[in-house]
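What follows is chain A paired twice: with chain B in the first complex and chain C in the second.
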Partner chain A sequence: MEAVEYLDLLLKALLLAGVYAAMAVGMTVVYGVMKIVNLAHAGFLMLGAYFALEMFQRFHIDPILGAVLALPVFFLFGMAVHWLLVRWLPKSDTPTLASLLLMFGFWLVLQNVGYLAWGNEDQSILTPLTLSSIQIGEISIPKVNLVVFGAAVACMVVLQILFHRSWFGRSMRALIQNPYAAQIVGVDDQRTSRLTFGLGTAFAGFAGALLGMLYSFSPDFGRQFLLRSFVIIVLGGLESISGVALGAIVLAVFEIFSIRVPVPWYSHGAWASYYLPASYQPAMSFALLVVVLLLLPKGVAGLLERKWKAA
Partner chain B sequence: MESGMKLPTGIGGWLKATLPWVLLAVLLLLPATHPSDNLIRLLFITAVWTTTSLGWNLLGGMAGQVSFGFAVFFGLGAYTTALLMHVGHSPYFGFAGGAAIAMLASFFIGLPTFRLRGPYFVIATIGLTEAVRVIMNNLDVTGGASGYRIIEDKPFSQNEHYFSAIAAVALAVIVSTLIAKSKFGLALRAIKQDEDAAAHVGVNPYTSKLWIHAIAAGLTGIAGGIYARRAAFIYPGDVFAFQTGISILLMPVIGGIGTIWGAVLGGVIFGMVEEQISVKFPNLHLLIYGSLLILIILLEPDGLLGLLRRLFQLFRSKREDSGSPDADQVLWGRGGVEGR
Partner chain C sequence: MKSLNFVSRHFHQRMALALLLTGFVTFVCASSQALPADDVITIGVVLPTTGSESKPGTYQKEGIELAIKQINDAGGIMVKSKGKKLKINEIFYDDSTDSKKSASLTERAMSSDAAVAVIGGYSTALGTAESVMADRYKTPWITTGAGATAIFSKGYQYAFGTLSPVALIGTTSAEFLGYLVDQGKLKKGMKVAIVVENTDHGIDYVQGFNEWSNKHAGYFQVVVNEKFELGATDFSGILQKVKSSKADIFLSDAHLPDYITMHRQYLQNGMRHQMISYGARGPEAAARQALGAGTDYIFSGIWWSNKLPYPQAKKFAEEYKAFTGHDVDSWYAAPAYDGMRILAKAIEAAGSLDKTAIRDALKKAELKESILPGQVLKFGANGQTEYPFVITQNKPDNKVDIVFPKDAATGEPVAPIPAK
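Entry: the complex of A and B
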């Protein structure tokens, strides 16, 4: 492969990483504050995609605007879900059996409500942006990927500011660092949890709408991204937003390059280059997860942290 | 712990002691009454599901580790049996081979994840199912996504299939009971309640979880092999489906997580009901199960068995004393979602 092709792939991976980060960040804040693995995240992603589709088809609202509109709608939805279901779960420092099964049950409900409402055909959102692309030298980039990347990065920046500059962000960080100490100094645990769950759901809806612009979707849409979200969180060290961005880049680069870069392969007495079939791509995130868990249980962010402390 | 045989007391005690044997006798004598083929088929599939339910319950119910990946063990059992039968081995050797391969696979996922605190195991189980199905869909030896046909040179015997499934359930119940009553079972319950405390009193959570995962996987692999032999045709979209893993998890949770007879109850209800509603409402049945799961977790964490026990207690003036969690409670009730 030539250098241009590598650059092209790298660019594609970077654009993908933007959406991946927006997708995983909602799960991260919920896990950080409440120590709940939000399996219903997959359902929220799916609903986000259908939200953008409905907005586009019924009211002719541009999907990017639809994604932004999804933020307040899903925020309220998430708070309602927390009020109705999540707040009854027993508190724990580690994910409990009850929380896993509850969120899983809710995911099943969302997914099958999706089947009832929209059937099981694949849908996609086609706008004039979808098929046009920008040409830079030999590299062509679809416009839709650029727009989606921009929206995702903008949202991450807003979240980062919210996290570090607002009172709510401080209470979230306090709960992530030490829930007991946070409560002692007056952080309202229930209220922060409710808002956090709303925020996580809002980001899931937003990311789902963005993903819906890139891929075709069905009510089973979220599942393939659930594992990816989690691999990103593990890579990023479970609890920080910058870690999520880092994890998203690692996963996107790994996924893009693993199937498009030839692997030298010794067969029939000669070296040949061998491409991993593209159909293996869904298994890549799992392979990465196993490797990371074996080699760097604290994620890439943990590795950097250790280097930092040692220096 | 008390040692030696304890004579059952009261009507409830006698019922608990004799019911399993009566049930087994009825199931074994049933084919002699020439029932309809459909009934035997239904009981066969129920027995297969109940075996997987008991297997999941060992890991999820006793040791408190949720796995969404039991479809992998079910599918590996199915494919191993199919391949071993293809090269001329007896089906029973195939079942054993299926169990062995499933156990090996369980180490593959347990070794990297059980060492770590946090949600790693449960997420890895979701990923494993996806990864294995992708690999099986692309594997040429087994026909890839288009499936694998099993050709048996013996004539089809409904009863042989039926008895092998009943034997698998019996094996699963015996293994579960032995573990529940053993020191190992006690260690597992300690891990479920508090891993740190368990480690302090000399339990090794890592190896205990690895072994119970392997035993659970082995039972599920046997069930997969028995299923595959009767189905005679298997494909990754069926035996390795994420749905299969969901079903295996739902049964013990619905019946009563952490209790052996709860897992059996869940398996029986699921096996009987699944056939009816999944045909009539193909899109609705998972909606029903999802709602049921939410209701059970929030309202009755001990599942249907817990509900039944509460109903029984309404008719009794004397409250059951809630003393130490002895083995009888693990068999019949009080497994609980969190352990108590």
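Entry: the complex of A and C
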């Protein structure tokens, strides 16, 4: 493989990391504060994609603007879901079976609502941006992926500012660190949880609308991202926003390069180069998940934090 | 306390009575369904009309029901042992695109409903789940939507399929490209990159292509042969491999969402080949919606096209529209329609409702005036049919032409794909 091909793949990996980060950030926020593995996240992603489609087809609103509009709509939707369903869950420091079942059931409901409303045909959003690329020599950068990457970075920045500069963010962090102590010092856990769930849903809807520009979608959309979100969250350290970015980059680089980098292989008395078949890509991702869970339970971000403190 | 106990006892008595009544009604209903009426032929149909495969499942159901309606309108099927024509009674089950449900509903149709035959199994996964029931209950089972050879290589005696083997898509695609070479439109010895989904479907496709290619040495040289996971989120690595190989022809076998994602990234990467195919995918409206003119000139191997020039195919298209209220815009309904028709022919030939006799008749049955390519439908020794595929090619302005075989062609193949 030539240097330019490595560079091309590296850029593609960074852009893919943007996609992964956008889809995983909402799930991380909800897990961090509420210790809920939000399986309905895939359903929110799907609804976000359909939201952008409806805005585009009915009102000719550009899907990027549609994604921005999805933020307040899905924030309110998330708050409503919390008020209706999530607040009744028993409080716990660890994910509970009840929360898993509730969110899984709600995902199925959302999926079936999707089938009722839009049928099962694959839908897509085609704009002038969809197929266009920026060409730099032999490297082509898809414009729509650049937009998604920019949006993902913006999400992370906004969330980091919210986390560190606002009362709500401080409440969230307090609940992540120690929910009991947080309540003793006056953090309203119900209100913070409701807002957090709204925020997580808003980011899911936003990401879904952006993903709708990259992929075709049906009411089953989101399933393939859900598993990757788990990998990213574990890689990133379960409760860390910057960890999500790091996890997304590690996963994307690993997935893309795993099939293009030669693995030295000793066979018949000589060393040879062996390329992993592309069909092993998902297996490699989940092998990575297992390794990280065993060796770095606090994720790559946790390891870096420890190194930083030691230094 | 006493009154509470009284209320509770009274409540329990009423509940018990209600449960008994419900049980009795259910039993009566179930019994009336389970007992085959003497003057009808019970056929089970198990297809997905909800869930991710609901669209093709619904189209197949419509094809079967159109055939049943036509047969019943003509008085039914002549059954010699009964000395009269019997009408078909369809028992339909929606498997919700769930393979476990699909298997259990097929079992139910074959056992408690006592269907003389079952039609169903759209998509290889659901068809595979259903297929094990046929020999277990010694009931003829016809899949109209599963084409993977794996189902028919297990020696089942009661399983039949009206879809040609998927391997034939690969073979027909190679044959079509070879035909273009012979015509002088493409050069001999071209490099081919093949990237398929990691399923029986994809594996069969490659096997079919290689079979033809090995028999016709010198036509093609396969330089990339890769598989990818279903529902992949990114194809950058694989597409770069294809790009580096400097292949002249790009062939893939993919489900619709993967076709759209891969081809979108293909176009974004500015890739270009002399010919492109995504197996059985290509002319779908959803792909046109997603990729616009980017799908122009893609060729695909499909089981049926509404553009087939046979009079019976045109008649079917008209009758289907009158029956359902919508056009027959895909291949799904056709093999289902002919599946029901060949079953009716086999029942008539068997002369009785004995399942083994019907199975034996199906093995010998030959449906002439079939609407499928080749115009004759019959089953091979393994139970699967083998009729030729048609190759269609997308043309600008949402036009699609049959370009191969020549006797069914509605337009000339465009090769190599013109530069934009």
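One rule holds in what follows: the second predicted complex is superposed on the first by the 284 of 311 C-alpha atoms of A that agree within 3 Å, B and C clash if a C-alpha of one lies under 4 Å from a C-alpha of the other, contacts with A are read in each partner's own complex, and residues count from 1 in each chain.
Convention: contacts are C-beta pairs under 8 Å (C-beta built on N, C-alpha and C of every residue); 3 or more make two chains touch, one makes a residue touch a chain.
Quick caveat: nothing in here was measured; it's all calculated off a predicted structure.
Enquirer: After the match on chain A, would you call chain B and chain C a fit or a clash?
Expert: clash
Enquirer: Which partner does A:P90 reach: the first (chain B), the second (chain C), both, or neither?
Expert: A:P90: touches chain B, not chain C.
Enquirer: Looking at the overlay, what does A:K12 touch: chain B (first), chain C (second), both, or neither?
Expert: After superposition on chain A, A:K12 lies in contact with chain C alone.
Enquirer: A:W107 contacts which: chain B (first), chain C (second), both, neither?
Expert: The first partner, chain B, only.
Enquirer: Counting only touches as set out at the top, which of chain B and chain C does A:A278 meet: first, second, both, neither?
Expert: second
Enquirer: Touching A:L126, do we find chain B (first), chain C (second), both, or neither?
Expert: Touch status of A:L126: second partner only.
Enquirer: One more residue to check, A:R223. First (chain B), second (chain C), both or neither?
Expert: It touches chain B and chain C both.
Enquirer: Once chain A of both complexes is superposed, is A:A98 in touch with chain B (first), chain C (second), both, or neither?
Expert: first
Enquirer: In the overlaid three-chain picture, which partner chain does A:Y115 touch, first (chain B) or second (chain C), both, or neither?
Expert: In the superposition, A:Y115 touches chain B and chain C alike.
Enquirer: Please work out whether A:E255 is in contact with chain B alone, chain C alone, both, or neither, and reply first, second, both or neither.
Expert: second
Enquirer: Where along chain C is the clash with chain B: 20-28, 92-100, 164-172 or 236-244?
Expert: 92-100
Enquirer: So chain A touches chain B in one structure and chain C in the other; where do those two contact lists coincide?
Expert: Correct list for chain A: 115, 120, 223-224, 277, 279, 282.
Enquirer: Which residues of chain A touch chain B in their complex?
Expert: Touch list, chain A to chain B: 31, 37, 85, 88, 90, 94-98, 100-102, 104-109, 111-113, 115-116, 120, 223-224, 226-227, 230-231, 234, 238, 277, 279-280, 282-283, 285-287, 289-290, 293-294, 297.
Enquirer: Which chain C residues qualify as touching chain A in the complex?
Expert: Interface residues on the chain C side: 50-55, 195, 198, 226-229, 231-234, 236-238, 240-241, 244, 256-257, 260-261, 264-265, 267-270, 286, 289-292, 294.
Enquirer: Residue numbers of chain A touching chain C in their complex, please.
Expert: 1, 5, 8-9, 12-13, 16, 19, 115, 119-124, 126, 130-133, 135, 140, 142, 144-145, 214-218, 220, 223-225, 228, 252, 255-260, 277-279, 281-282
Enquirer: Which bits of chain B are touching chain A when the two form their complex?
Expert: 60, 64, 66, 68, 112-113, 115-120, 122-124, 126-128, 130-131, 134-135, 137-138, 242, 246, 253, 257, 283-284, 286-287, 289-294, 297-298, 301, 337-338
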